[in-house]
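Each of the next two complexes has chain A plus one other chain: chain B in the first, chain C in the second.
So, the complex of A and B:
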């Protein structure tokens, strides 16, 4: 291991409003598995997208095999021997394995696809991984693990010298995972540089030879895995300065249980989710990306199908089972994607704010809407939430992210449900708007609502929660009290037992 | 659903009320169909003698009434982001059943009821397929048009059912003041639908569903019911059109429901500013669109232009209007 095969030197990249990479450098050697570790937003994916040609860096150099290279597109990356196995499988479900694997590189004969050759190559590529699929099998008939293998086989077609795995185990069963690790082991023996992105530490310890930890776009440490402990890595991930920082807040009056979820499950996505929410309480649902936290919220609201489980909600003083499709009547939800699922973008602020509460706005004029009452109510909540607009007829698409989010909050405040589910309520907002939303969460809890808050920013979830539920791979793996430290939360989410 | 709902008082921060200016809503796009209609009328008045007379206007309205009522039904569906291609077929089948019943000596009132009921039920089938079974509106209603159109020909053996009781045709074409009954039906239906679309809870739901069905669902809007209703309503409007047309033709037959009528209906709605992509459009403007379409085909007719060339022109107008809609959305 004299010469590093890959060197990335002082890579910088900023996106509007955030510097994603602040000068990251690392080296990788052939026959070595390099683990890239970090919390969400640490810059792992951006760094690898730079290497994969998806993102163009502002500064920095990439050296492969002693040569300074420019990687401006995925095609350039492929030419330089870089292959990328993405987290989200980019599959064509209705097409065959052979078609999927060769979709950009069909062998041709006199201008037509040479299917005989295609299938032969396909079989050979799969055998290399120890698989014996029929190349005509449709992708949708494969398990996620097998699909992953096809994806890997496709990546290996070009005989890459560097292969990047981005969270490859997120949809795999434990047996499929073992198989993947065998494949990685083989690649390593063949002298390929393997870069393995993960936030699951047990995997990193199992298969990586070397690990580097990113935090806030910087390399904060690393070394041979043999010389590191779980605690070392967790500490690096969250930053030692901030350990044990406690967020002071007024203690809340926590009352009776208002919602109880029992054994909620969706095969392969979330398993046996049970918890309860009490009046006046903010529960932080914490977990890393892909842990199933968003899926829990969506299952409760009946937005995704479920395979079982009971949801009980306190209605007229009694806990009653509620079908997920009806849960919307008692729960206000802020979805993580406000433009796609939160707003009616082409419509006015007024229409957006009164959307969930039209019955109450009809007053004595049912079935018509009392326009005076509607204007009054909308203005009232615009004032309360301090939404900055030129008028209630302004199109909601022209507002800033923070004001848009407040419009959605205002929609639910009008309806005033008992329970709120907030998925990434401050995503993409500026610091001021984030603080506003946090205040609203606190005030809602003080006024007696029960809130389940999901966030990928640990500081944020710590600033509002009375209790934490920690998820990992679709399970709730821990329940921690308000006093839990950042370290404890991060360790639980990363699957450290 | 009723909840004991105390107001959330803790958020009160009585700040000064922000200046609420009326937003720059583009009045041009709101009144564009009306402006277009006025322009068309102005041009035609210059070139055609006796065009600008009350008698002629009433006669144009009478001619437009069936198409306009169907365009109103189509508007409800288009606003939800769907499309109904089966209006002519449903109308024809309903009209044929009603006419057969009358011819067999049935009560004209019950016959009218049949003419309204049959298309409503067929529309409900469309609605159920789209809302409950998540089928694609385009395919569902295309199939419904084939089924109803085919059934209409098959049942009538390609013959029109004429010789209907005079009381039916006479009453339906009677004039109230100077307005024939079909025009009165159009006005009344148009006014009620316009009111519901723009002012009622249900209307708001319709637009919300067509604008973003996921947001609507999360906000607790019963989107399934909204879609079901829109298609059923479209069927009912087909029924009204069937009654009007049967009276005007003094007969009912399969040609009433020919496929090309769909082009008229959708062109009317589109000319009236109803977006094919959902969420935008009103009944009133769809009626204006229908009047423009009727005027265009009248002029072509008078100028002895081939019917087929008329189709070409109408198709071209539709493409231009839809292109404008797409352009407006991109901005």
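So, the complex of A and C:
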């Protein structure tokens, strides 16, 4: 084969607390679709953000067309012929397709936008992808798949020689996906270097010529897709490290069903979600990024609208249907973004902890908060959870991530709900704090609560779960017992049956 | 070969209703007043209504750019007072030639707008608070300059505001020309389009490469400039500046815009026909209430109701925004594994 068009050599990048890339090298050739595969946090996106000029590498070289290049900004990347189709689209809903595509590059005539020219160019760019949209169509009237085509058409305006797709199919229907693959095929025929980031193996096998697998910031393998099997890639993605011996799991007393979800759905996001939680049980909801796992939790809690489905919760010994907007009275939730959604950062530990429980803390006759009772309660849970603070008036924003998470747990403990939903409960915590949170999960289950734990770290979910629900593209695709292996979990989540 | 996609039908009822819903209101209002007051429906009324609305048209056409970026500028009323006060002092006390005074007035407006822009863009002050500050400060400054006295223009200028060409007041023509220019800026310049892009989402616009700070700054300058331009029309109409000049104008202008379909959430609306419709509706109601001999206190009440409905419609618009066309998925979404590649549980 000819010379590689793009070479990335020994790229290293560390973020505070984590080395995201530990010296990754690869080559890409024109007319080739290169698949970049790996589990969440493997470093795929960081690597491509380096190429796209969004992230600056600590070390390493980028060679494009035989020239050593410096890419310090997205503008530099564009100048070197690199275009990036991001997972989250940059769209202007109230404006037209033509406006969205040319917003910073309108052709002008004597200072005024030349609309005739703009529309002609827009139509030409869309035709190249095989589309016939009216350039005046408002973006908000387009489906997510069509919006993505607009995004791709915009990326192609600069005639890039390298184009990166970051998880492009996460919001597409299968028909839209086919169309995207046709477009990628055409780009390939035109001699463009296509880099395709995905953790969905069927897609990689379908359109990529060559695959590289990343794990923990390192290239762990790769080769022409024809010579690889699903098995090979799954093994490369998760590595050989066995973790089951790290965490011993006691078998728990599992009781009656306390929550039952039936046919929960939100069009285009999650479909026919049905499962039940039992007393004293930890269920791991496992799936890769974008599989809909967070959306399930949000739908149950009434944080997102739903199109249908029933949630039943055991109230006074009887299973009763509950509206999502009322679910928070029985379910304690730890959100994925604790800093944005879970905590009032400028306020004290005390205020944050008593927030969900203010009525129980108020006096019987007058609606004022009983300060003595409040302090007493807060201190009780601070001791129980071993939260390290200088005093209950300390601001939550000054705490470490682990202690912040414990503050949220403490808030719910006061309310003592039967059911907990925990979305990424240990994200961003250090090893010690992670272990603490895992212990709390175990204790809660032993005390009779039912827990649904969502995590993108397979080791973590394996260390706490009694049962797994595996999601892929908004569906629950598998239910696995506690004995399931890492390979089984990863294969189910990657869409392999 | 890829299959051809069907294009969207050009007519969208939802878009139409939200853009022109108030046209229906306007027509209803006109019909009502015409029925209630026999001599209401006449060319003369139309000209008078437009004459009164002219300064508001100009004021709103500048403010529109700030609102379209999803920000607010409530200092425009005070800018009207300050600019016309400075202008009146220049003319009557310092005997500056009228054209030169116009230039000074416009500079005062642009400068005030630049102060707003600087405070919001560079000092990162919330636009509402920043312009609340200038609203109070600039009015204070103008009161200081005039000693809170009425300043009259010389006799020869006082009639200028009521000059007609072919029966039409000159300020109507000026206002329409200004609206045409501002419409051109809005629809045909990269600046105008980028204002709309910012209204859709500052971060998205930033990612697309729009110079968000730069555009925001100039939107405020434009708003200040147009406020002072409107103050010239007002000054000539009244022939004098009184201490309460321009007070409450900011809210009339916002009401004009919202009724005309400019969303307070940004990224939506037109100069033409939006502002003309909004300003016209408000003015027709005021004139109509006069014609049918309603109490002078009826107008603020009715206007408040109309503004409330307009704001409610605006909020509804945002609520229905996420509706997107979805292609239904008829194939099963699970992939098939090539034979021999199934993973067997260990």
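Note that in this section the second predicted complex is superposed on the first by the 487 of 497 C-alpha atoms of A that agree within 3 Å, B and C clash if a C-alpha of one lies under 4 Å from a C-alpha of the other, contacts with A are read in each partner's own complex, and residues count from 1 in each chain.
The definition used in the following text is that contacts are C-beta pairs under 8 Å (C-beta built on N, C-alpha and C of every residue); 3 or more make two chains touch, one makes a residue touch a chain.
Only a predicted model underlies this, so the values are computations on that prediction, with no experimental measurement involved.
Superposition note: with chain A as the common reference, chain B and chain C are in steric clash. Of the two partner chains placed by the overlay, neither chain B nor chain C lies in contact with A:320. By the touch criterion defined above, A:485 reaches chain C but does not reach chain B. Shared-chain residue A:129: touches chain C; no touch with chain B.
Of the two partner chains placed by superposition, only chain B is touched by A:385; chain C is not. Contact with neither chain B nor chain C is seen for A:253 once the two complexes are overlaid on the shared chain.
Using the contact criterion defined above for the overlaid structures, shared-chain residue A:345 touches chain B, although it does not reach chain C.
Of the two partner chains placed around the shared chain by superposition, chain C is the only one that A:472 touches, whereas chain B remains out of contact.
Legend: residue contacts after superposition of the two complexes on their common chain; A:328 is shown touching chain B, with no touch to chain C. Residues of chain A that lie in the contact sets of both chain B and chain C are absent, per the superposition on chain A. Those residues of chain A that touch chain C in the complex are listed here as 75, 90-95, 99-100, 103-104, 106, 108, 111-113, 115, 129-134, 136-138, 140-146, 173-176, 179, 182-183, 200-202, 205, 229-231, 234, 267-268, 472-475, 477, 484-485, 487-488, 491, 495-497. Residues 1, 3-15, 17-23, 25, 195-196, 199-202, 204-205, 207-208, 211-212, 214-221, 279-280, 329 of chain B are the ones that touch chain A when the two sit in their complex. Across the interface of their complex, chain B is touched by residues 301, 303, 316, 328-330, 333, 335, 340-348, 351, 354-356, 358-359, 361-362, 366-369, 371, 379, 382-386, 388-395, 411, 413, 415-418, 440, 443-444, 446-447, 449 of chain A. Chain C contributes residues 1-8, 10, 12, 15, 184, 187-190, 193-194, 196-197, 199-201, 204-205, 207-210, 267-268, 321, 323-329, 331, 333-338, 340-343, 345-346 to its touches with chain A in the complex.
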